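Can you keep this structure in mind? I'll have questions shortly.
A, B, C, D and E are the chain letters, set down in written order, and residue numbers restart from 1 in every chain.
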Amino acid sequence: MKRLLKIYMEKPELAALVLLVLLVILFQVQSGGVFLSANNLRGILGILPEIGLMVIGVTILMICGEFDLSVGSVFALMPMVMAVLMADGTPFILAFGAGIAACAAIGFVNGFLTINYNIPSFITTLGMLFIARSLTIVISGGFPPLLPNDLPNWLFTVFVGPGDLFRMSFVWFVVIAVLASLMMSRTNFGNWIRATGGFLPAAQAMGIPTARVKIACFMLCSMLAGFAGMIQVLRLGSPLPSIGEGWELQAVAAAVIGGTALSGGIGAVLGGVIGAILIRVIDNGLVLSQVDANWFKFAIGFLTIFAVVVNSWLAKRAKAIKVET
Amino acid sequence: MKRLLKIYMEKPELAALVLLVLLVILFQVQSGGVFLSANNLRGILGILPEIGLMVIGVTILMICGEFDLSVGSVFALMPMVMAVLMADGTPFILAFGAGIAACAAIGFVNGFLTINYNIPSFITTLGMLFIARSLTIVISGGFPPLLPNDLPNWLFTVFVGPGDLFRMSFVWFVVIAVLASLMMSRTNFGNWIRATGGFLPAAQAMGIPTARVKIACFMLCSMLAGFAGMIQVLRLGSPLPSIGEGWELQAVAAAVIGGTALSGGIGAVLGGVIGAILIRVIDNGLVLSQVDANWFKFAIGFLTIFAVVVNSWLAKRAKAIKVET
Amino acid sequence: MSHPIISVRNLHKWYSGVHALKGVSLDIYPNETVGLIGDNGAGKSTLINILSGVQLASEGEIHLDGKPVRIRSPRDAMDLGIETIYQYNSMVPTMSIARNMFIGREPLKFRLFGLGVMDHKQMAAESTDAIAGAGLHLRSPDALVGELSGGQRQGVAIARAMHFKSRVMILDEPTNHLAVKETKKVIDFVRSLKDLNITGIFISHNIHHVFECCDRIVAMARGEVVLDKRAEDTSMDEILDVL
Amino acid sequence: MSHPIISVRNLHKWYSGVHALKGVSLDIYPNETVGLIGDNGAGKSTLINILSGVQLASEGEIHLDGKPVRIRSPRDAMDLGIETIYQYNSMVPTMSIARNMFIGREPLKFRLFGLGVMDHKQMAAESTDAIAGAGLHLRSPDALVGELSGGQRQGVAIARAMHFKSRVMILDEPTNHLAVKETKKVIDFVRSLKDLNITGIFISHNIHHVFECCDRIVAMARGEVVLDKRAEDTSMDEILDVL
Amino acid sequence: ENMNIVFTHHSSASNTFWQAVKKGFDDACGKIQANCQMIFTQTEGSIEQQAANMEAALARGPDALLTSIVDDRALDDIVQRAVDANVITIAVNVDDSEGAAGNARAAFVGQGFRPAGYSLGEAMSKHFPEEGPIKVLVGISAPGQNWSEARGGGVLDFMEDFKAANSDRDISFERIDSGTDLAVTADRVGAYLNANPDTTAYFDTGFWHAAVARVLKDRGVGPGEVLLGGFDLVPEAVQQMQAGYIQVQVDQQPYMQGFIPVMQAYLAHTVDLAPADVDTGQGIVTPAEADAIMELSAQGLR
């Protein structure tokens, strides 16, 4: 029993889960039962896949020892590329391909510059944050085109499931999260990612193509961010050039709350997912708790720190439990 | 000769200097000679101390192995605290003391949480970014108070020097930069900071009070950011609650451009200062070069990456020079 | 005498301001075990790092089986059959022993273009065997390498190299941190390389160990080879002299 | 016989899931040199890490000169006169040799509350001397530690400890990575501790070395002390037996 | 010789509203063949960046400076210097709250934030139910930023007056931090409406309530059950007006705000006609006009 508790608490993603449950209970009480109402859940679950998909990519990249600040801009760029192409009459599927290819190219450039010139990914992707945002504005010419009406919304945004609780995007999110999670734990590629982020010289010495592994992670991260952006635009119906601003920091925060180390090598996709849920729950719950506009950011900041502090405290407690393993 | 070149080029802050000179020449030509005109220099040198002071603190903190995202918010908070107090009739000097004390307190909380709970400073200070911004808005009530008219502007913002080229703030900036630089290279405290950031276990094993060193750096960083914010508010004449947004990333970028490593232990105050100048020069030069508005961010992002790439390339070249040292 | 399996010609290495290898030439013959000794900073690790692809030579050539080769990465070296134990641990501290054992060479249940699903069971079983084979007693293959003692870590590195025996085996001070029994195991292993048809390069500061298990002894000083004799043609005193 | 200088009572250490020290009691007398040996993972480093404040014991007491002490940080240990060479290098790779030598104990030209301006000249001069004293040849005290070879780094660590001689000196496998001559210097140094009125604890896997320079030999296995005899009362074979 | 005109303001290039201003500005510049530059900030609403951009732009010695004056003090000094240097200086979009008394600019083209907020509230009040309680939510898109606080403040000013005028009714209003991101606003306001289904109206200080309209539609709430109003005629908002979810939208005619001041500067430069204040429209738009506007909006004219 004690041993199980110890093993459980030592996993940071599970500690985050405890916190999540506590917060849900808190908000449920605070909001007089509205928090877990079907309507509210539908709201949370609608936006969750978008930040969630981005967080999956960011988490994997962080485990690989790198960092991506450009995800928020790529989030806006990919749907804008699609919208502009579709406005010119390109069919959805081709536009989608072009969008994803653009994301992959951005991820590649991020990775290539970072590795080839041995510069911190913080800088490469900070630069890319500006570049991708600028490109989004340039290709839209300042005025985003309207989306055509024959989009495959049934594939991404229609409500499904019991009580129409989820959108299709949620299904995508779950499937991709499970696949990413399996990739990290079961495949040799996941092993390489973890080794590359854990201790680069060792990974290199063991013959892992670390440059290619990192570039692949950068590309994956960008593509997931772009895909998430497309889903948001399909949901909201308009490709604004300003969407996704500031999401890069939120995504990193979610990954860290879920137990991923900024220094690489440690973390799990599940943790990132839980972190993303936590962030959405906090945001939503605070509105329901009627926090004043001026204090809102305070509460967000406080709860973010609080989540990580509790996580760290639980892990410390767990370590102190004396059971031989 | 070759040896001198090698030693010179191996210092990243000096490589950044080369780049700075090149950019200045470029912009001077592009802008038809306006760039180096007294009027424009006055503009650049007026703002430089504000970002520069912030960068000094951020650079030292990064050398110490930590990270501060809350500087932009502290930049706004400190002058707002002062303005609110002064609007209540507190004399300038007391208000100043209270403002600096508030910054020190924020730095202390950042450091204490980071070290005590062993959580990444990225998260602590990201939370603090929101908290400090929220507090700024809360104490201003949304609409900032007016500043009194009897402020010691002669101490901070009046023009001085040949051709009235500088403001007093520039003198403060130079003095503080020199002091900080001497602290890092000449005092034992500087040695401790570098050791703490370079390899924490070794610093601890050698008996350095690493926790206290880190907290001191966090506090220094916050106080410098707050001081910079006060100078800006005195210059603009109005305590805006929104100033400093996004500066945290710029400050980190400046430090990295100047050769400071994100992982700690490596870097120099001079490098950060040059990085800050570079960023201001790029920003100003692009305006003067009449870059199209939609491409503006592209150019900023591109030049930021470019600066670090050139830096890294020069260092690589320098390493390849075969001279025994 | 047979042709050398590895032949190094006029190798130079500059680290920024340090000329670490100053024209090293060395032939290593099949199935022989070479003991490489020398002062601290003589350039031993640099030489073998070049052979195992961790570093690039500034000048010079490497021939394998008489053919010139370019070893640009550890992967290249492995593909050429060169397996290395490094002086500083090449383990990922945040990963388990079993995963560390197989980094880059994971047994796959299923593969596609080199990627696939790892066989965790096989990894656990084989690593348990390999560690026992190196004389180590460890709790479980799932323990993190970062939580092992210095000697235990070194033991895992040795177990890994022993498991992936190759054509050429380079060991850079493998017995550092190891306890008496484990050290003996390593020496025995090095001695057995010949029977396994493996060529060995063994670096150590312990001359006794070198004489115990090597056929030929190469001494380096200040980036140059200063002595190169068969073990039976030299003595400990001669070697201590040249160093 | 005199009173013990360090006396450890019933020390336990748990690392998360590992019981690394299981009630270790040990007395160390003034001016004696104790050789600590034992298998990999026996708990030697853990024991001395607790004595030097790098880790905290989970249970148990430490007495210094008969008085109970709490060693909560390396600073505490240093203030009590305990100087340590760690098994893994405690050097900052991004700093120069001279700066590394004096981390935390910089000679100051001028001081105020413990902070002040460093005397770079003195640091350069003293570190050059100290390194020469340890038998090492290095380019300059301004070279970065990260650019040294494995043995050179270990040499700097030893030079540092020799320079800051203290009441109690703990050396955790100091001769790893060291070449023959430097190893000899270290053994001589450990042997000379007695004449300098210094108490020593010397950890090594080389039993020859231990017998060469220690008065008393303590063997550990699986977190417990299994043998504790004066060097003249035991033999290499007896020790190899208990391990 | 061609005129040099710069336009600095407090918004970033991803803001659609300001892109429409830019279009008007560029078109006007084309007509008079002036050499024109609009300088955006990198962070939305950053007055200190705007000030820095103004300084840089002035170093070039332009003939005219067009700028928004988002703060009563921060830009005074720079504007004064521009005027002293004989640069034709016109405030656009936002003016000093004291008007000409508070700032040296020659004239103002546009409509103030606070009055706009007030008229939004006033226009929306026509849709309020005749009796029963009134519960209003005001979304402050960016707390602390002048444009958002002032617009929100204008709405709240109206609500205070409305409450005073209808002291017999139960009237309440609240502010939340609604964010400047369609998805975030949708989530936050959506959550609020879940907790407070009796909300009468939601005011946004930008156009992000367009996403709220989508939430209402997704929930099967009919148009008009929760009144929506906000600022700027971006296509999203017009779409939702056509769908009936948005009752009132404040428009400031961004294209005109870009176009007119260039013409004024041109006249001032060539024939010395002093620039005069121009109100770019009462600005209240109702669904009836939506179809016509949609066309203009798609061309970037409104």
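The rule is short, and it goes like this: contacts are C-beta pairs under 8 Å (C-beta built on N, C-alpha and C of every residue); 3 or more make two chains touch, one makes a residue touch a chain.
Model, not experiment: these values are computed from the prediction.
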Distance-maximising chain from subunit A - centres being C-alpha averages: D
Farthest chain (mean CA position) relative to subunit B: C
Centroid distance [mean C-alpha coordinates] between subunit E and subunit A, Å: 33
Length of the line joining the C-alpha centres of subunit B and subunit C, rounded to whole Å: 47
Where subunit D touches two or more other chains, by residue: 16, 18, 139
Touching two or more other chains - residues of subunit B: 133-134, 137, 142, 294, 296-297, 300, 325
Multi-chain contact sites of subunit E, meaning residues that touch two or more partners: 13, 22, 42, 140, 143-144
Which pairs of chains touch, using the document's own definition: A-B, A-C, A-D, A-E, B-C, B-D, B-E, C-D
Touch list for subunit C against partner subunit B, complex: 14, 16-19, 58
Subunit B-facing residues of subunit D, complex: 52, 54, 73-75, 77-78, 84, 86, 89-95, 99, 102-106, 108, 115-118, 120, 139
Interface residues, subunit B side, partner subunit D - complex: 186-189, 191-192, 194-195, 198-199, 201-209, 265-266, 325
Of subunit A, residues touching subunit B in the complex: 69, 113, 117-120, 122-124, 126-131, 133-135, 137-138, 141-142, 249, 252-253, 256-257, 261-263, 294-302, 304-305, 308-309, 311-313
Complex contacts: residues of subunit B adjacent to subunit E: 31, 34, 37, 39-40, 43-44, 46-47, 133-134, 136-137, 140, 142-143, 146-147, 232, 236-238, 240-246, 283-284, 287-288, 290, 293-294, 296-297, 300
